[in-house]
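Below are two complexes that have chain A in common, paired first with chain B and then with chain C.
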Partner chain A sequence: MQDRAHPNYFDLLDVPRRYDLEIEQLAENYRRLQAQVHPDRFAQADPAERRASMQLATQANDAYRTLKDPVSRGQYLLELNGYDPATADRKMDTAFLEQQMTLRANLEEIPQLSEPLDRLDQLREQLAEQVKNRQLRLADTFNSLDPANLAQASNLVRELQFLDKLRQEAEELEEQLL
Partner chain B sequence: MALLQIAEPGQSTAPHEHRLAAGIDLGTTHSLVATLRSGKAEALPDSQGRQLLPSVVRYRANHPPQVGWEARAARVTDPTNTIASVKRLLGRGYDEIAADAHTPYALADETESTPRLLTAAGAVSPVEVSGEILKVLRRRAEQALGGKLSGIVLTVPAYFDDAQRQATRDAAQLAGLKVLRLLNEPTAAAIAYGLDRASEGVHAVYDLGGGTFDISLLRFSKGVFEVIATAGDTALGGDDMDQAVVGWIQSQSGLSNPDASERQMILRAAVKAKESLSSKTETDIQLHHNGRTLWQGQLTRTEFDSLIEKLVRRTLVACRRALRDGAIEPAEITEVVMVGGATRVPLVRQLVGEFFGRNPLVDIDPDRVVALGAALQADILVGNKPESDMLLLDVTPLSLGIETMGGLVEKIVPRNATLPLTRAQEFTTFKDGQTAMALHVVQGEREMVDDCRSLARFELRGIPPMVAGAARIRVIFQIDADGILSVTAREETQGIESHVDVKPSYGLKDGEIEQMLKDSLSYAEEDVQQRLLREQRVEAEGLLLAINSALDKDRDLLTPEEAPQVQQAIERLQQASSCDDLQQIKQAIEQLAKVTEAFAARRMDNTIRAALSGRAVEQINKTF
Partner chain C sequence: MAYSDKVLDHYNNPRNVGSFDKGDDSVGTGMVGAPACGDVMKLQIKVNDDGVIEDARFKTYGCGSAIASSSLLTELVKGKNLDQATKIRNSDIAEELALPPVKIHCSVLAEDAIKAAIADYREKHGATQPEAAVSQG
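Showing the complex of A and B:
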């Protein structure tokens, strides 16, 4: 991971390697780095330097995009910890899956209900609550140094992915309803 | 020079050479050019003090084309030879132009590589028409500044696709202008506003021009403008409001089948009515033709509002999409900036104000703000302001992808991704023993290839025969800070590669541009070959200056093997620049760039160390 072509994103953006990041700090460091390395700063430089600048600016964008998003940040931390989700037990918590099915059914019903936009807002609040809950648990899991926790973290990341998909569907539905 | 900047931003020791730069807003109805004078951006006037140049070109047999006010005045008398709103045709295919019901122009034969309009001076492409407008602005700027322009920043609607952007670049090249960057119009406006007020926070720029609508969300923080999201509609603008009024006049007056000249008369009356309803609540409309009054009537603002409300609502759908893409709540918006002449319409201001829950800012002239922002960015990109804090982080306007089985699009780069970027995805073969793969690069948000814009096709050959699904083909999209896309396909086991620099199909081919340059009057005085040679020499000079200053500072970063190679390459380039062989200069430039690549990378690492101050050096050494 730690070679020039693939720098560690946390180091590149000078933030601690943890799940519960200060997003404001991340954004500020990202902008400060871009202010130094962006190709527009080298508009009149020679081609080699422009290429180097472009490579760094590209990495800075990758790093910011990966760490900013709660799902990809979790996946990236798993990767950094050497955890391969492909070998993991992919069985998901039955209670979670049932809850997902209920939420999805509720979402599909919404267009037929009266006041669909209000109902949609309620559902989105429920989703947001669940996302927040998992982010907090994920932070705790990553912060404890026990390697056995990685499987649990991987599960939480996958649950977040499910919830994120539902959130997107809720947004698409909103666009249709408007 | 920028190289010096690496070590100490702004501490340039190279002799300061002020380069002439300008920002140009090539608009649907008006165009203008702006430049920086004593630190302030200002629009340049023509000899009669007029800053706006109507984007109208009139072609005549055996005379040079008329551009601007004169041409606009001829629209009624000579409608078929007078091309207006050409921006709507830029980068469009023959079918799209023919399908546009508002186009009053005759089209040349469909077999032409680019669509052309028939005029008294022969067939002209939209790129050439735009080039005529740009030539006038170039002359205006060069007269005002007293020298040749080193480069310009040219603005385009944020929602222009690659074909439209390429056509815009081609038009500038045709006018003898070097494009440093295409800048999105709303972004340019935000730069002008943001720098003017030094106001930090999230700006929403609502840009309703003659023919296009854009909404952009930008965050401005400590000199860095970060484009968060853009959305819009390339075929929606003030012209559509005019057409709505034209339809109303036609139905009220019974003039349902006007000829070309009558149509222009009705259109002028409609435009006048729209403009007057910006300040009044009702307006009289009179149609005069050949000295007699054909019809007169009255249009109230209420009635006008009902004619255009649907159009304005369409813009709000795009606003909502931008907020969603950027994950921004309306309450987070600190300022709403209005750009484009059509935002003078009161209903637009009212509905936009209601949508964002705050009154929009209108105090920088919406017709000029875009050109002013472009001038500020041009000054930086031309290298006049190495110490400037301002930096723009721009995004991809539309998603990019690859055609897959069944005519579906696999998106590889989403819209609103920050530039520069690299994204890759793996594909595989679908037949046993398949040794070649056709790749089709497309742009757009829809799921079917046919609904997207085709950008390029290329092939990867020499894939080792394997069972279907076993080959691993990595497709890599790379977009630089200028928004230029290149796509590479690589077979992972053997490492064979195929590559394409995307040049969209509706731009002009290189040969065509060269031919047009030769034909063009503005270059009669200078041979094209001479011009290319001069440009290469300037580039060589710049490179030598940059490398020498870098060596002065960081010679110790060269390895013992590199030092003689670099010295040799420098001497070779010095020799090459003094001879007249274009190819030799080009090769020598490439050679020098190649041998200094690793050196440049080392210097860049030092830059990061400086940027990430406060961290232990050992820690960084581990990282890189």
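Showing the complex of A and C:
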């Protein structure tokens, strides 16, 4: 699965291969690696070395961007575990989708309410709780190392994608209200 | 990206927005969603005693193409029986609305929605017809 041209992102940034990462450690390792491969340090180097350092800098960017985001980190771990999302059952849990509908409707109504910013804060707290809940379950699922759990992990990642969309919509609404 | 006139028409004047009582025996409800864009779509059909879809409602949170796809779908299914409605393909919707390739998935979502609604109705009526709510992308 790994080769020199495409190292594993976890190894590249020297963090353990798990969902519940220490984000601060990830950021620190990323900054250290970027400093090591900074183009200024290779100004006098030969072209091959310069190219290699630039390639590493690009990979470090990709790795950091992928691992720091809760959704793409989950997708990447699924990929590393050999899970093909194309084979995933696309059907989402009806109760979850209904809840999404309700939250979207609630969000839509906020501008017409009194104290809309307070209402928006409440909704965002609710959202943050749901995101946290899924991230904890996702960490448990990946840590259990049972291949049968990958479908469940994939479902949790997809739920996070919906919640992320709601978060974006809530942010846009806040900008409109302010 | 520019929307086609038909998409804009359905987006600005969506047909059959709303909902039926999902507990009603004559109603089939399809809830579907697309994780990549966060779209959520609810499609409901009201089926008469002859097995013909006499009315439909939808509620969609998503982009203009997703709203237009589900709005058009409610028009397409009215007057069809369940077997005919099962045969509606996402390409029928995509062509009618002139959806660009990046928006084809919105019409796929609409096809999934009508299949899920029909499956729900049939399940209520004890039909032993498991519906594979999966379509060719």
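What we mean here is this: the second predicted complex is superposed on the first by the 177 of 178 C-alpha atoms of A that agree within 3 Å, B and C clash if a C-alpha of one lies under 4 Å from a C-alpha of the other, contacts with A are read in each partner's own complex, and residues count from 1 in each chain.
Keep this in mind: contacts are C-beta pairs under 8 Å (C-beta built on N, C-alpha and C of every residue); 3 or more make two chains touch, one makes a residue touch a chain.
The shown structure was predicted, so the numbers you read here are calculated from the model rather than taken from an experiment.
Enquirer: Examine A:T66 and indicate which partner it touches, taking first as chain B and second as chain C; both and neither are also allowed.
Expert: In the superposed model, A:T66 contacts neither chain B nor chain C.
Enquirer: Examine A:D14 and indicate which partner it touches, taking first as chain B and second as chain C; both and neither are also allowed.
Expert: In the superposition, A:D14 touches chain B alone.
Enquirer: Which partner does A:Q34 reach: the first (chain B), the second (chain C), both, or neither?
Expert: In the superposed model, A:Q34 contacts chain B only, not chain C.
Enquirer: Regarding the shared-chain residue A:E98, is it in contact with chain B (first), chain C (second), both, or neither?
Expert: A:E98: touches chain C, not chain B.
Enquirer: Check whether A:E49 is in contact with chain B, with chain C, with both or with neither, and answer first, second, both or neither.
Expert: First partner only, chain B.
Enquirer: Between chain B (first) and chain C (second), which does A:Q161 come into contact with in this model arrangement: first, second, both, or neither?
Expert: second
Enquirer: Going by the touch definition up top, name the partner, chain B or chain C, that contacts more of chain A.
Expert: B
Enquirer: Spell out the part of chain A that touches chain C in their complex, as residue ranges.
Expert: Chain A residues touching chain C: 89-92, 94, 97-98, 100-101, 104, 157-159, 161-162, 164-166, 168.
Enquirer: Under the stated contact criterion, what part of chain A meets chain B in this complex?
Expert: The contact residues of chain A facing chain B are 2-4, 7-8, 11-12, 14, 27-29, 31-49, 51-54, 56-58, 61-62, 64-65, 171, 175, 178.
Enquirer: Under the touch definition given earlier, write down the residues of chain C that touch chain A in their complex.
Expert: 31-33, 35-38, 40, 42, 59, 61, 112, 116, 133-134
Enquirer: For the complex, which residues does chain B have touching chain A?
Expert: Of all residues in chain B, those touching chain A are 1-3, 5-6, 9, 180, 221-224, 226, 317, 320-321, 324, 380-383, 389, 391-393, 417-422, 480-481, 542-543, 546-547, 550, 589-590, 592-594, 596-597, 599-601, 603-604, 607-608, 610-612, 614-615, 619-620, 622-624.
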